[in-house]
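Residue numbering begins at 1 within each chain, and the chains themselves are lettered A, B and C in the order written.
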């Protein structure tokens, strides 16, 4: 039973991290129909920035909680800045180009950012300081759940709620929804589409950065390549849930996280990814637009 | 051409922005193992100055691009007008082809073994690129897992040879056939999927095949791969390494010519037009009597056939294969070749393959910055030439008033 | 007007109903088209006219009801569950309300696509180019060019479809549909956006298709002048039902129709789903 709970919680944790990244994918896709290949790298840069800040502050002797807060904040700010810049440089000029061209540009950006960090920092796996303190009240449950997992779950939930509030109740949220549905029309009614798109990228990058900091604390090490793998998984999760749909991204991520966790725990860890992909194919056969996706009925 | 004050201000702001942006990553280097911090202020200056000057160039190029959108004519290509004019003018065409033929034949004897090997690589990618071009460029189906068929071809040869001693020349058509078969198998589940869903599922298939090859040790020998795969022979003659490489080179040239010939014919046929119609508007194409299912499957299967063949040659050339050669990045590179070169255009794909494969070799001078520059080149190429290097030319027909027709390319 | 009551309709729709979730878009619709006639389908926006086209051509499966076609010289066949390409192969072609050309193909190639279902070359033919394929290709090019000449688009032959002026694009859609050798042609708002001169030319073209090619036309149109001038018969739809049918004169004077367009309350006679009421 304990093992089951451990796997359940582990899957939930994984799913939460995927969700934080998948949100960025799905939001950007919803608004400009682009698979932002470089999104995983934003996540990675968030983690690296946090590492760098934490490293400096640790040497200066600050206390652990302050470091956690400052490092996370700085990481988020920088990831947002990177997301904003990438969009302006590599995607904005291609807004009216064929979609595949934008995709290749995204791939190029992904390659660039990976190697940028690699060359400017190092190719080694860098240990990440565990910024999240171990909660004493969890000690008796240490074999099932770690405090970093609790923090991840709480943070992710908070982010979800904030994001939903943003999309549903603010003016910019309304503008984002309008632009996602019909960009031309939104422009015609006075929405500053460029600004909306930038905001979308910024928000998506912020959630990814939070994910980066959390998972880095949880796993304990990072390197320049983590963005790619996590990016693919998160993208699968977003598609699984229905790309363009925010609840879909969360749902797809949870499903993927649990699938991986239970499959690894009960069957085998070698074929974990195979199973995840087969599962995705299976779902898409019966629901070609993903679990919560809008089945895109074209007006004929 | 002195920039205005407003422009200088803009560039200054850009420069400040990039200095801010890259500050943590470029300036600070934290080593958490040894608990050290390194401050590299020189990098900050480089970023500042570099972004200041590059921003002028970038703005200028973007402005030029935006004011220079021309209507594209069916029979024209923009940059490669040299090639196109060669094609149109028979007086230029024959000597050009002759020169190309001479160069191609002499290549392995002029250049070193190492460079011949690189050229063989490029030729393999041309064949595979033309195959993916059918799926992505002509039929408009975004396949991110094309490498799966490449792996199928390579492993078919390796395993058949290992277990049954099957030789290269027998394996080549088998590899093609296996590619075709897998194209249909993997094509079926994705028939109903559109656009990006198709992309992620095909990516998944590519990964599934690679992971199975990596983990099913009894079948595929896992990560250690299969070695001692024989190179292609010629009536039992014993080749030295050098001779064998030259032999493979000429064989690949022949294969490329064959591929160009077949793909060209496919493109210019009832099937080819059906693929393009499918890409342009799949609802209208159905309304015009085209069977969407059959057309999609044909595209997948025929596209995969070339990857299967390419895989067999790859196995024979490198004599050793393992799953690490068949990752997502391979699929991405092949996709880049097709899109960069110019989707749907044979000349475009060839250009793309030569560019993307030969370029990193000549970038070796930059050693560790290679991949970085590669990424930059991809972005820059797409921003300034989103249609690819060679824009798609459609076939033009000549008619006289009565309705007699003369076909001209 | 040729409406021989003894002749069998070439298109027969019986009690066609189409639901989208809770919304009933088509409600027990009955309609026939006979040989050598031009029938106009009119009605206020949202009446279900394009949905009707989409059902007949296999894009939406009907919720209930039957659709039958009778190609010349053959027996009546049900086309309920056919895919769009199968419907077209049987001889029923269409154009679209929002132009759906193949923008990056030339005008000639767009028409050649229409010939696809009347050709037979496959992979073998494409690669090996036996004599039969070469002959077929030449024939297709010639036939397509002939259609372009008939429609008056021959001067655009090698132009990309996306570069054509709007009126020419609309006519290209018709040319493309003609290439499939239909015996009945469904036109969805062919005159939309055309100026009076273009509309007159379209009028002549459609009459020509009926008289010289022997193709029956069923068209959705909002341009009343064109409809009155062109049609042998008019069918009026509203809220997914047929509310009237008859000659242009009859329809012009029909109070039910007038009220449907002007939006006043009316007790429109509801079509019962029996075979008796017509």
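Note that in this section a residue touches a chain if its C-beta (ideal position, glycine included) is under 8 Å from a C-beta of that chain, and two chains touch if they have at least 3 such contacts.
In this text the structure is predicted, and so the values were computed from the model without any measurement.
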Inset, instruction - Indicate, using Cα centroids, the chain positioned nearest the centre of all protein chains shown. - result: B
Inset, instruction - If we define chain centres by averaging CA atoms, which chain lands farthest from chain C? Would you check? - result: A
Legend entry - Leader among chain pairs (count of C-beta contacts): A-B
Legend entry - Cα-centroid distance, chain B relative to chain C, in whole angstrom: 43
Legend entry - Whole-Å gap separating chain A and chain C, where each centre is the average of the chain's CA atoms: 49
Inset, instruction - Let me have the rounded angstrom distance from the C-alpha centre of chain A over to the C-alpha centre of chain B, please. - result: 29
Inset, instruction - Going through chain B residue by residue, note those that touch at least 2 other chains and give them in order. - result: 283
Legend entry - Multi-partner residues of chain A (each touching 2 or more other chains): 300
Legend entry - Residue numbers of chain C (touch at least two other chains): 59, 96
Legend entry - chain B to chain C touching residues, read off their complex: 71-75, 262, 265-266, 269-274, 276-277, 280-281, 283-292, 298, 302, 392, 394-397, 399, 403, 405, 407
Inset, instruction - Give every residue of chain B touching chain A within the complex, in rising order. - result: 17, 20-22, 24-26, 28-33, 35, 37, 43, 62, 65, 136, 142, 189, 192-197, 199-201, 203-205, 207-208, 211-212, 215, 283, 328, 332, 335-336, 339-340, 343, 368-369, 371-372, 374-383, 386-388
Inset, instruction - In the complex, go through chain C and note every residue touching chain B. - result: 57, 59, 83-85, 88-89, 93-94, 96, 100-106, 108-109, 112-114, 116-119, 121-123, 125-127, 129, 133, 137-138, 141-142, 145-146, 149, 154, 157-160, 163, 176-177, 179-180
Inset, instruction - Spell out the part of chain A that touches chain B in their complex, as residue ranges. - result: 29, 33, 35, 45, 48-49, 51-53, 55-56, 58-59, 74, 78, 81-82, 85, 89-90, 93-94, 97-105, 107-117, 119-122, 124, 126-129, 232, 235-236, 239, 243, 270-271, 273-274, 277-278, 280-281, 284-285, 288-290, 296, 298, 300
